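The first chain written gets the first letter, and so on, giving A, B and C; residue counts start at 1 in each chain.
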Amino acid sequence: MSDAMSKPRAARIAINAGLLLFLCLYALIVLIQPNYLEPGLFMNFLRRAAPLVILAAGQLYVILTGGFDLSVGAVVTFTVTAAALLTNGDPDATWPVIALLYLMGAGIGLFNGLVVAFLKVPSIIATLGTMLWLNGLALAWSGGAARGDLPENFRNLGRFQWRDVALVGTLPMAVLVLVAVLALLWWGVHGIGYGRRALAVGDNPRAAELAGIPVGRTRITAFVISALAAVTAGILLGGFSGVSVNAGVGLELQSIAACVIGGAMLLGGRGTIWCAVWGALSLFALFTLLNLLGLPQALRDSIQGLILIVAVGLTAWRSRARN
Amino acid sequence: MMADRTLPRLSVAMVLLLISVTIFAVTAIATGETAQFSLQGVTGLLQRMVALGLVAIGQTFVILVASIDLSVAAVISGTAVLASWLMGGDPAMIVPAVALCLGFALAVGLVNGALVAFAGINPLIATLGTGLILQGVLSASYGSLGGAVAPVFQQLAYGSLFGIPWSVLALFGLALTMGGLLNRSVLGARIFAVGGNPDGARLAGIRTGRVILTAHVICSLFAGLAGLYLAARVQSGTPWLGRDGIYDLESIAVTVIGGTLLAGGKGGVAGTLAGVFLFASLDASFNMLGIDAFLKQVLRGFVIIAAVAVHAVRGRGHVA
Amino acid sequence: MSMKVMLVATVALSGLAGAAMAQDFNDPAEFAKQREQLSMTPQGPEGAPWAQHLGDSMVDTAKWKKDGPATICFSNAGIFNPWRVVGMHNFQAEAEAQGDKIKELIVVDAEGKDEKQIADIEALVAGGKCDVLIVSPNTTAALTPAVEAAAAKLPVVVFDRGVNTTAPVTYIHPVGGYGFGISSGEFIASKLEKGANVLALRIVPGVDVLETRYSAAKTIFDEAGINVVGSEFTGSDRAKTKAVVEDYLNRGVQIDAIWMDAGDTATAALEAFEDAGLPYPVISGEDQQDFLRKWRDENLTAIAPSYPTYQWRTPILAALDILAGKPVPGPEWVLPQPAITAETRDGYIDEKLPPLHYSLCGCQNLPGYPARWGGSE
């Protein structure tokens, strides 16, 4: 469909749209609540948005290859509950447990990838299954309610902020984690040519295979990275607010929506890491805006749905107008 | 051509049916619950199929045209709430209430179909969006839309003919009708064509947009029927009825388990119904075995993957 | 075009949504009744509130008398929140404590689905093994026909949420939602000046047992001239709770007190104040361990009303009494519903138990304590 030549152009436009949406929404926030212009509050905004941005950036890998990862919310829940149970409040256990969490994440991603690549189960079903069993496992392990405790140094990753920092006022540790992870994920997509391979696989797997791209391996890598990103998001989220067995509820659809709002195309073919970043920040700015407006909670869902349709409708309309 | 499509589909359905019956029978015997083989036990098992079965028949139609519908849960809640509110316990209001509810479902189907077929929005996002919009409005209006369905209307869910519940008869009647529609009508042929090879269908002069729109309308209407059935079953619909029942994801899962391809163009109602039967048998068996809720969820996750893998693994080419 | 249609439809429907809440969760008679019940002296064994009851009304159960060990069946709405998790452990432990009196305990879990619970109850009755059926309904109206049909064949005990029929032998519940809102609302009102600000944090809208808590507290705040600056739904999500409170603080709103309709995210709400470098507000939580510990460690001005999980022990007692033909409190068996105050708090703290353990479980003397409830050792 979209030939290779037109891709850079399409991507550039998508970046601009996502960024534009975010700036508009943030401007509205500032209009209602001017102190959101203070660097300290902007940093706090980023701290809270960090888990969703990281999730979306991981999800983007899978979307580029033409799939979905519905299991990321369950991975977040699993990460938070497992971390609390394994560390049980012991600060010395923090780093070994984090290593173990990433190992489990890689395992989950590998499982998803293998099921999709070799058992030929569509990713939406495969990761739906994983979402169910992983949530069930997290609940069974913890007995259905939060157990154990997260030590201070674990929680700091998502909670701690340096105060009186030059330029920005306060600097949350989560923002540093966010920047580091994004740099890594950007490099993965755009630095080493993985992104091009993933796009090719998402666009037309048969053609990609004929062109010598290892389709299965590209797919599996995407699921592993998505799961690892979800573990990171889980660590930040657990740090921000503590142990909970519903920490990840709803995040899978939010992360997919974020990528799409940012201009990534579902079923593959188009997208950059910036789609995920601006999309997720836009979505989070929207949540904040709706909070500030004080609308009834339920209608916030409606507006979110409307924005989703309008954003994607506009992208679809634009790409049709271009052809 | 016809036989080609029917044979493998029937086999998936038959295999699922046999597996489900075996699971149910073995568990009942092993746990000594032989009373479950009585007419009452078996109709109870079949009644577990009704709500999900209705939604899944509709979902099969949209998946056959390579679309998907995530808004069914909200449509179910919407019709159930509307039915209870409009009827307000008054039997005279049954007919207008049912008509309005189906009108509402029809409207949602039209919007979904238009967004997917004519605005070119990815169906996952389009129906997620309409679902969110509906869910939000429903939750916000809860309280002002209270009420209960008319007692006579509850016969739909609790009444029976020769010991077989009306609702079960209706489910199988509708399944037969829709199966026939798919296999023996022009519309059915077009649905398979649009899902299997949209470009070819377009070249053959089929207005693909209209076919996709029709499939979405059918899907929403069936979700509406499920909502009406649930309203009769629970007397007074809540805005969370559909969401709590996870009818969106479960209806997709059973459809795919039943052998309908997510990419469209292949599958059918028989397989979907067999998938629903598998879920109902598992439900009943888990109960008899006293498996705790969390473990149930783990098992269900693996069953979904395994059930799809069994027939997907033979397929050549790639899936995403 | 389609977009326009949808916009119009949304606007039209939201107009409808804006209409006043017709369903009434503000019943002054019920409010007065529960306020009175809060201060009533319960009848029954001292120190065992799960076996006590308020009021004198009893029902005769001679017609259900049945000799020999019983098969007890339980249709549970689900264990989808920490309160129900603790309750379920109480239930199973109580059954175990009864020893030979119970031949078999059959538990089916509806996973929060009305439709499934209806089918579950029908299957239990059709299975023919149950001597007595205990039901914890997922939704009051939805479960009424199924419970009514079951009650025609065997004795039924309902607890927590009720059903719209008197067919069951008895309906067990603590004082109720108004009582919860009265305990917490009166405490907060007593600690604040007139014109002070309180932020209400709630789980979800539309659930009767939660709506009544808020309506009672709101009535008290209005009477005391206390300003409710916001009423927000958090879906029991810690991250969302913390974010909501942060947003209020970022807007520069002075929050003197936090009122909650359930306490499982109380500590997350308090963390928002910590992170902003502000003093703690007056707060009403619930009887979860993490809240009680925080209250003690930070010396908060707080109260913990309860909706005691010990009510999960009572249905087993009721079921066995019914099969023995003994009269039981009914048609409603109202259990006492204490609130934890600064004076009684430390007696409820047990470091061995997990953060979301509900302290009013009445489970300390049950088999398997504390391991069954997720406690260490």
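By definition in this document, a residue touches a chain if its C-beta (ideal position, glycine included) is under 8 Å from a C-beta of that chain, and two chains touch if they have at least 3 such contacts.
Remember, predicted model here, so these are calculated numbers, not experimental data.
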Margin query: Return the chains shared as contacts by subunit B and subunit C, ordered by label.
Written below: A
Next item on the list: Pick out whichever of the two, A-B or A-C, is joined by more C-beta pairs in contact.
Entry: A-B
Checklist line | Per Cα centroids, the chain farthest from subunit A | finding: C
Check: In angstrom, rounded to a whole number, how far apart do the mean CA points of subunit A and subunit B lie?
Finding: 30
Notebook entry, point to check: In angstrom, rounded to a whole number, how far apart do the mean CA points of subunit A and subunit C lie?
Noted result: 35
Check: Out of subunit C, which residues touch more than one other chain, so two or more?
Finding: 3, 6, 10, 14, 17, 79, 205
Next item on the list: Would you give the residues of subunit B that are in contact with at least 2 other chains, written as numbers and ranges?
Entry: 115, 119, 130, 133, 137, 139-140, 292-293, 296
Item checked: subunit A residues counted as touching two or more neighbouring chains -> 144, 296-299, 302, 306, 309, 313
Item checked: Residues on subunit B engaged by subunit A in the complex (per definition of touch) -> 115, 119-122, 124-126, 128-140, 249, 252-253, 256, 262, 292-302, 304-305, 308-309, 312-313, 315, 317-320
Note to self: List the residues on subunit C that touch subunit A in their complex, please.
What the structure shows: 3, 6-7, 10, 14, 17, 79, 81-82, 84-86, 205, 230, 232-233, 235-239, 241-244, 246-247, 250-252, 265, 267-268, 271, 275, 354-357, 374
Next item on the list: Provide the residue numbers of subunit A that touch subunit C in the complex, in ascending order.
Entry: 33, 35-36, 41, 44, 48, 142-149, 159, 161, 237, 240-247, 249, 288, 291-292, 294, 296-299, 302, 306, 309-310, 313
Check: Which residues, counting only subunit C, touch subunit B once they are in their complex?
Finding: 1-3, 5-6, 9-10, 13-14, 16-17, 19-23, 78-79, 106-109, 111-116, 118-120, 122-123, 126-129, 139, 141-142, 144-145, 205-206
Item checked: Footprint of subunit C on subunit B - complex, ascending -> 33, 35-36, 38, 40-41, 44, 47-48, 51, 107, 110-111, 114-115, 118-119, 130, 133, 137, 139-146, 148, 154, 158, 230, 233-236, 238-241, 244-245, 283-284, 287, 290, 292-293, 296
